[in-house]
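The structure appears right after this line, and notes come after that.
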């Protein structure tokens, strides 16, 4: 193992790791937004919204994220959407993970016992009030862990934007593999950084989960 | 059409799931302060009837009236939502499985709805909670969470939660069926107390002794119809119908 | 530049070949990930510590890093140590190993969950430890986790698009070839997406059928 080489190039990997973190944070925010809207649509009493929500989930989950990214980045200009690679990456990955989060959030909401909404409704709460004061506070606790799984997948998923030349960790690893012919060392450098990011995120999720459970 | 003479009126209630008819043209009147028990085998439609009174399970046809107002009025969605929430505030309900809100402590379980719907202040809410919980003997558990209570205690809190809305009518859906035998009595005592305070109550129950001791009238339901109704002495001692007799005999055997 | 799907039909043969390769790589990797998953699970649970520990490290590394990065490692790494595999084989190994690790996690949990009485019953009949594992415990464990393994296979189909990056000519690369000649990325990527979607539906149908069949033997 060429440790000297690793020591020489690791600052570039650190820089790239920041880009991966930025991508992950922005994608998480967009994904949670899409997931919340998607779940609201799927649980709506309006058929049209339910169909839109179901179509979103089905199309996104039924096709590769890489292709979605390519359609947005390379195909976007044809329909008047001009994005730079980073923007396309965030939007493409965010909308993608949003479909998975839709199902997580929806699943947590419908997992709350029917008796809860019945009890809320019998004291005269409206559907919205029952959702806000009774169902959501309970569903939120339930969804922290599975959303953590989604976010874990999302962090690894940010590697896809290497294919549209965003200079993040995987792209950097690939470039240095090409120039140094040292695949294992470069893999190790970027791999460790990914694992650090994932580990810290995982601790954060576990902390939130514990906090939400103190009752 | 609001010439209701009776406090609660159920007119020609009918409910079907596809081809399966679970309520077949049931009519029933309950006067203010009366306590009515509904008994019958499982699947007889007794819970469905109870849940139709506050429209948790909507009827296929028929009308429910409470104190001169139709509960299940035909209205556009938005208006109906408003109307039914108003009506439900006047109809308390207690469930077999308590359905307390696990994320709220006892106090907040009792005061959430009054705070949201009646806009009472925090101080008023606290007084209300203390009052209602004292009533069911649960004052000392006011800061506990539902998971820290026994089944009987949970059910008493659930009753306090319903009473906090100052309902005109209370519905009990097998309120003691999920309890261990030794916990049944404490809930029955609370219900008896309510009866003595002239609360109007409709009770679905399996407990014939309790029904006999507190109710003014007993309805026996089977297969979606009211087979027989009358004062408890009559229904339990000397029923007219064979089906009633059969059910009571089987029930008695089961209880042994 | 508007959209014009009329150029698509003349490339149908390229697309069709791409579809076939995608199906081939998915099936091959799925098989590798399935049997690899079983082997990994047994190693992780029953292997000697000198095998078990490095294996845990390997699993940990594979679950904590992106698939794309792993594909680069395998593809370029193999070249570096002098093994010049065709891209297709490298792709199958990468995808197969990646999902084998995930399947192995599922199967391990399921093996532990299989009733201890099953193992004891098999041993009292005179089966050896290995036989009991092979004939009694593992079949039950695998059956129990078939639905989540099925989900992994569907994820595998979608992730197979990644091997285009190391030059495996499957559907995504086919689309890129057609785009190279027509400069119509939107049209061809949408067509590729539609193909994936259809294969996906087909896979789901097959998995549902398998699940129904195995459900009978419960």
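Letters A, B and C mark the chains in the order given here, with residues in each chain numbered from 1 onward.
FYI, a residue touches a chain if its C-beta (ideal position, glycine included) is under 8 Å from a C-beta of that chain, and two chains touch if they have at least 3 such contacts.
Quantities reported herein were computed from a predicted structural model and do not represent experimental measurements.
Student: Spelling it out: a chain qualifies if it touches chain A and also touches chain B; which chains qualify?
Tutor: none
Student: Centre of all protein Cα atoms: which chain's centre is nearest to it?
Tutor: Chain nearest the overall C-alpha centroid, as shown: A.
Student: Quick check: how many Å separate the C-alpha centres of chain A and chain B?
Tutor: Computed from C-alpha means, the inter-chain centre distance equals 46 Å.
Student: Can you check how far apart chain A and chain C are, centre to centre, with Cα atoms defining each centre and the answer in Å?
Tutor: Chain centroid spacing, chain A to chain C, equals 22 Å.
Student: Please tell me the distance, in whole Å, between the geometric centres of chain B and chain C computed from their C-alpha atoms.
Tutor: 55
Student: Can you list the residues of chain C that touch 2 or more other chains?
Tutor: none
Student: Where on chain A is chain B touching in the complex?
Tutor: Counting only chain A, the residues touching chain B are 113, 115-116, 118-127, 129, 133-134, 137-138, 141, 215.
Student: Quick one: which bits of chain A touch chain C in the complex? Just the residue numbers, please.
Tutor: 59, 62-68, 70-71, 74-79, 156-160, 162-163, 169-170, 173-174, 177-178, 181-184, 187, 190-191, 194-195, 198-199
Student: Mind pulling up the chain B residues that touch chain A in the complex?
Tutor: 54, 56, 81-82, 85-89, 91-93, 95, 97, 99-103, 112-113, 116-117, 145, 147, 158, 161-162, 165
Student: Would you mind writing out the residues of chain C in touch with chain A in their complex?
Tutor: Those residues of chain C that touch chain A are 1-3, 60-61, 64-70, 72-73, 76-77, 80, 158-162, 164-165, 172, 175, 179, 184-187, 189-190, 192-193, 196-197, 200-201.
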